[in-house]
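In the two complexes that follow, subunit A is the common piece, with subunit B as its partner first and subunit C second.
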Partner chain A sequence: MSGRRLRDWAFWGLCGLAMLGSAAPAVSVLVSVVHQAAPVLDWSLLTRRSNAGGIENAVLGTLWLLLGVLVLAGSIGIGAGVYLAELATGRVARVLRFGSEVLAGMPSIVIGYIGYVTMVVGLHWGYSYLAGVIALSVLVLPYIVKTTEVALRQVPSALREGAVGLGMAHRQVIWRILLPPAAPAVVSGVVVALAISTGELAPLLFTVGFTDSNPSLAPLHQQVPYLTSVTFTDLSLPGARAHATAAAAGAASLAILVLLILLGRALSRRSRLATAQMTL
Partner chain B sequence: MPEPPGGPAREPDRVANPAFEIADLAVSYGPRVALRGVHLTVRRHEVTALIGPSGCGKTTFLRCLNRMNDLVPGARVSGRVDFEGEPIYAPTARPIEIRRRVGMVFQRPNPFPKSIYDNVAIAPRLAGLRRGLNELVEESLTRAALWEEVKDKLRESAFSLSGGQQQRLCIARAIAVRPEVLLMDEPASALDPVATYAIEELIGQLKRDYTIVIVTHNMQQAARISDRTAFFTVEGTDTERAGVLVEVGPTAKIFANPSERRKEDSISGRFG
Partner chain C sequence: MTTLTQGRPAAGQASGPRRRAALRLLERADPVPVLLALAAVLPTVALLVLAAVMLTEAYPAIVFNGWSFLTGRTFTMGNLYGTATQVRHGFAAPAGARYGVLPFLVGTLLSSLLALAVALPVGVGAAVLLAERLPARVQAPLGVVLELLAGIPSVIFGLWGVYTFGPLLSRTVDPWVAAAGLPWLSGPVGSGQGLLTASLVLAVMVVPIIASITRELVRSVPALTKQGALALGLTGSESVRVVTMPFIRNGILAAGVLGLARALGETIAVLIISGNALNTYPHSIFAPFATMASTIAAILDGALTDSTGMALHSLAEVGLVLLGITLVTNLGGRLLAQRFAATGLPVGRGV
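Right after this comes the complex of A and B.
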């Protein structure tokens, strides 16, 4: 075998190893979670609440929280991203971007604690849905802002010029011309934000509490159950059954994650098809 | 030495009701002066060609006529640009309104990532037009000499078209807003000779209905398609280079009888 071919093989071999190295943890987590959850894994899990060894209330609570984050962080994050990419100039933009980066680096437990001090105690909201949604939104906002801004900046400037040259108003240029091709990236930013929200425990620990009943629609003064809390609590309980339930809650989080990713792909497919042939 | 305003670049023969009347126009980007001292009259229903070496400010000049330079951070425009007698750089002027009346076609075809139909229909629709969109799309595509080629695939992506077809689509898109003027920035420079010929033919037809100002770096093209030619060049030393208008007049006259300045430029290999 020639030296060149040998180096070629070595290169691809290393690439393969690296791929394996990054995929293996994900696969092993998946397998071990499902394996540990196996003893309790059946559909009744989804119809019993946490006080009866199920996760119905936690699944509903997590989805309910995600919806809140989608609305709050989604709208504010995309709006701020558009503002940074299209309207902010000079110092204002620099200050906002700096703020967003600081926020991105803030430990989630700190966000949870600040949420506790300001909202749960300060505003007398008690452990509540709104406090949790706001804490999670603060946590994931930087991702949405950043991906929206970057996505808009990557739209070829020729499209912007073409639109402006036709006498479109700035608002129309943003909505009709710049956002559609940026949509796949924006959607994936929102999906990442929701995925992070699904797996977070720290911001919720101090803000929403937990309850064995299904989540109420009241935004204030009512505690909300969620999946990561079940995992966290049941793991610290004695007994194989509790541990299996903890694993089942983890598996449910993973399932939500996968669903989110699939949903994001389906949503962004249309605009991706439309922009695939862009050659500008 | 910069010529004083009203020097050789100013035309002696003034016309009544020109499309554009430009006086003492200067443009700078930050500290860099791109263009200065331009006096020019653009007549209605004529093709005015802007020619000159690269960096002479001809594109910058073109983009002053519909305030596209507003998009460039740090761009500063001084002097006077009157469109149909109204100063378009006055504080009360409305750039969006101006751009609807003064359409633009760019150097590279830049259709939107939408269907052929939507590319033409989007601007009139956003301007509030609801009825007669189909007719407007057909009329615009016909005027752009593209209708026959696309009438059976209006719902297909604009990117399914060839480069030359895309450029004609961009012309149709500009026409659909019913402008009075079309600004074209080297509209054929990214196209092959056949597509270039099609665009030149089209410009010949369009000038019946529109005033056209076209930037080209191709002297032969300017000679073929334009009624009047404005010749720009770069003036000044390295640190203070700026584009200036050297000469303007009927194309036939300009090409038959080039002035001393332009001969110098041509001989020194800066242009032509």
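Right after this comes the complex of A and C.
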């Protein structure tokens, strides 16, 4: 008996170590980034541009890129998810779903390379906002498609059957019955896609370039600054101050990320509550 | 569109069966489903376009390099400043250029497999503890930590690996390992940039993927079976071994394969931490190395200056090999998951 008890303790002890090994890096990353950024961390960071050791232009550029991804990947992804969940049938649905899942496995540097060859050079867009938004959108599109589809499928089928039984048209069923309760989950999927976009560098490295001025609204031929690029370039510059700025830019992208994750969690909790109440 | 404009006034005027027919016409001509279908086709179209572009970009290099691409041990862009070129099979490259992918291929596979070997037991152990043992009020915050870990940008992992984790390893763990004098596990430990640090950082990036999938899998095990095991007097760990694990084993396999795919494609963190050694195999676990993804990011700038374009084409071929490996791995994971796992798998960067 005691041997079995001992083995049990040993097993859960190892699991505890594994838990520690998973959680500790997250804490360590946060602490070390903030610690490294500490020498330069004050509010003036947000009002100086990157040529003056600040990150104002990079923050603005990142938010500007996120807005583009929200519009482009958000609209296409949600549309595709609705279509796959409600309208597509049989083989067509299977093929399209398969295509989207395969796209999800595309290495981000390959997307960056292709963006460079096709848009920056091929279409003569130069390093530009639109090229970056499209590259990022290709990266996160499969994620939005999948979460939208799953969200719609989780609406209880009794609701759907009830609506059809009352004689509602198919599109009325989609717009009035299925989408409202699924909306928080759909939006939380989009929010997570934005979180992914915030942290990506490889697709942007060769598509949007970088500039020390604030981002312009021009979609083509104008380079856009963004946070992960500041981290990446300042990291390999000599000097403690550059390293601190790299960490500060990292801390800023982490802050955006945490906000987005919390927003996504709040939304998905709302959607769980909404779905739980929706029984007939 | 014409049917739409014809259908609209009819819908307003007529009544009865004519009105119903008009409504049906309106519904069929509704632009919304067409737009939705267009959106749904886009990811697949994007995939095909990406694959086609990659193939056409790599084609000159495939012809020029032949099999030596896969067996070659050096990747050098040759003399980019001279005008001398070498021509093979009708395609020109700068004199002295040789394009061999083998060291990058070895680096990619080695670092990803090492990462998986660490991440799999850690991720599964953490997930089992989280789902089976911990009370709900601890589960939620730990879930947030895992989610955060999945979301941390790879460039920040790079920063952490270079300035915090790598130096820590080279001061503490590395000397101990090196002192044991085992083959391939010894040698100069350096400043902590190299295969071991990069693999462990990759493992940290893969853990949340494996843990989150495993957690859902553990939750999908029927409670009745678990309670039965406990009622028979099994301890918690025995119940995990006898009931939970057989139930979710294949799902865990799928999770591992998906995690592997993530590690294979990782670019920026590896680029920063690997030490970025071109044309050499890692002679010890502490040695610098390079992967296919990190190499593309590292030398794309230089490749752009090659007037023959062959350097760029060869990088496309590197990308094509990487693409092939990650897509096959990813698909394998998904097929496994579809066949065996009870829950759907997440798509994307593992968040």
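The rule is simple: the second predicted complex is superposed on the first by the 241 of 280 C-alpha atoms of A that agree within 3 Å, B and C clash if a C-alpha of one lies under 4 Å from a C-alpha of the other, contacts with A are read in each partner's own complex, and residues count from 1 in each chain.
Operating definition for what follows: a contact is a pair of C-beta atoms (placed from the backbone, for glycine too) under 8 Å apart; a residue touches a chain by one contact, two chains touch by 3 or more.
Note that the coordinates shown come from a computational prediction; the quantities given were computed from them, not determined experimentally.
**Student:** Superpose on subunit A as described above, then tell me if subunit B and subunit C fit or clash.
**Tutor:** Verdict on subunit A: subunit B and subunit C fit.
**Student:** Should A:L235 be classified as contacting the first partner (subunit B), the second (subunit C), both, or neither?
**Tutor:** Touch status of A:L235: second partner only.
**Student:** Mind computing the angle subunit B to subunit A to subunit C from the CA centres, in steps of 10 degrees?
**Tutor:** 100
**Student:** Between subunit B (first) and subunit C (second), which does A:P181 come into contact with in this model arrangement: first, second, both, or neither?
**Tutor:** first
**Student:** In the overlay, answer first, second, both or neither for which of subunit B and subunit C A:R7 touches.
**Tutor:** Touch partner of A:R7: subunit C, not subunit B.
**Student:** Contact-wise, after the overlay, does A:A266 reach subunit B, subunit C, both or neither (first, second, both, neither)?
**Tutor:** neither
**Student:** After superposition on the shared chain, which partner residues are touched by A:A80: those of subunit B (first), subunit C (second), both, or neither?
**Tutor:** second
**Student:** Looking at the overlay, does A:L103 come into contact with subunit B only (first), subunit C only (second), both, or neither?
**Tutor:** second
**Student:** Contact-wise, after the overlay, does A:A158 reach subunit B, subunit C, both or neither (first, second, both, neither)?
**Tutor:** So A:A158 only meets subunit B here.
**Student:** Per the overlay, which chain contacts more subunit A residues, subunit B or subunit C?
**Tutor:** More residues of subunit A are touched by C.
**Student:** Answer with first, second, both or neither: which of subunit B and subunit C does A:A255 touch in the superposed model?
**Tutor:** Neither partner.
**Student:** So, A:A38: does it touch subunit B (first), subunit C (second), both, or neither?
**Tutor:** neither
**Student:** Look at the superposition and give the distance in whole angstrom between the closest pair of CA atoms, one from subunit B and one from subunit C.
**Tutor:** Once the two complexes are overlaid, subunit B and subunit C approach no closer than 6 Å between C-alpha atoms.
**Student:** Across the two complexes, what residues of subunit A are contacted by subunit B and by subunit C?
**Tutor:** 169
**Student:** Within the complex, which stretch of subunit A touches subunit C?
**Tutor:** 4-5, 7-8, 10-12, 14-19, 21-23, 25-30, 32-33, 36, 75-80, 82-84, 87-88, 95-96, 98-114, 116-118, 138, 140-143, 145-146, 150, 169-171, 192-193, 195-196, 198-202, 205-206, 228, 231-232, 235, 243, 246-247, 250, 253-254, 257-258, 261, 265
**Student:** Using the touch definition from the top, list the residues of subunit B that touch subunit A in their complex.
**Tutor:** For this pair, the touching residues of subunit B are 66, 68, 71, 73, 96-101, 103-104, 106, 108, 110-114, 122-123, 126-127, 157, 159-160, 170, 173-174, 177.
**Student:** Where on subunit A is subunit B touching in the complex?
**Tutor:** 89, 156, 158-169, 172, 176-177, 180-181, 274-275, 277-280
**Student:** In their complex, what parts of subunit C are in touch with subunit A?
**Tutor:** These residues of subunit C touch subunit A: 27, 30, 32-33, 35-44, 46-48, 50, 53-54, 57, 121-126, 128-130, 133, 142, 144-149, 151-160, 162-165, 204, 207-208, 211, 235-238, 240, 261, 264-265, 267-268, 272, 293, 296-297, 300, 312, 315-316, 319, 322-323, 326-327, 329-331, 334, 344, 346-349, 351.
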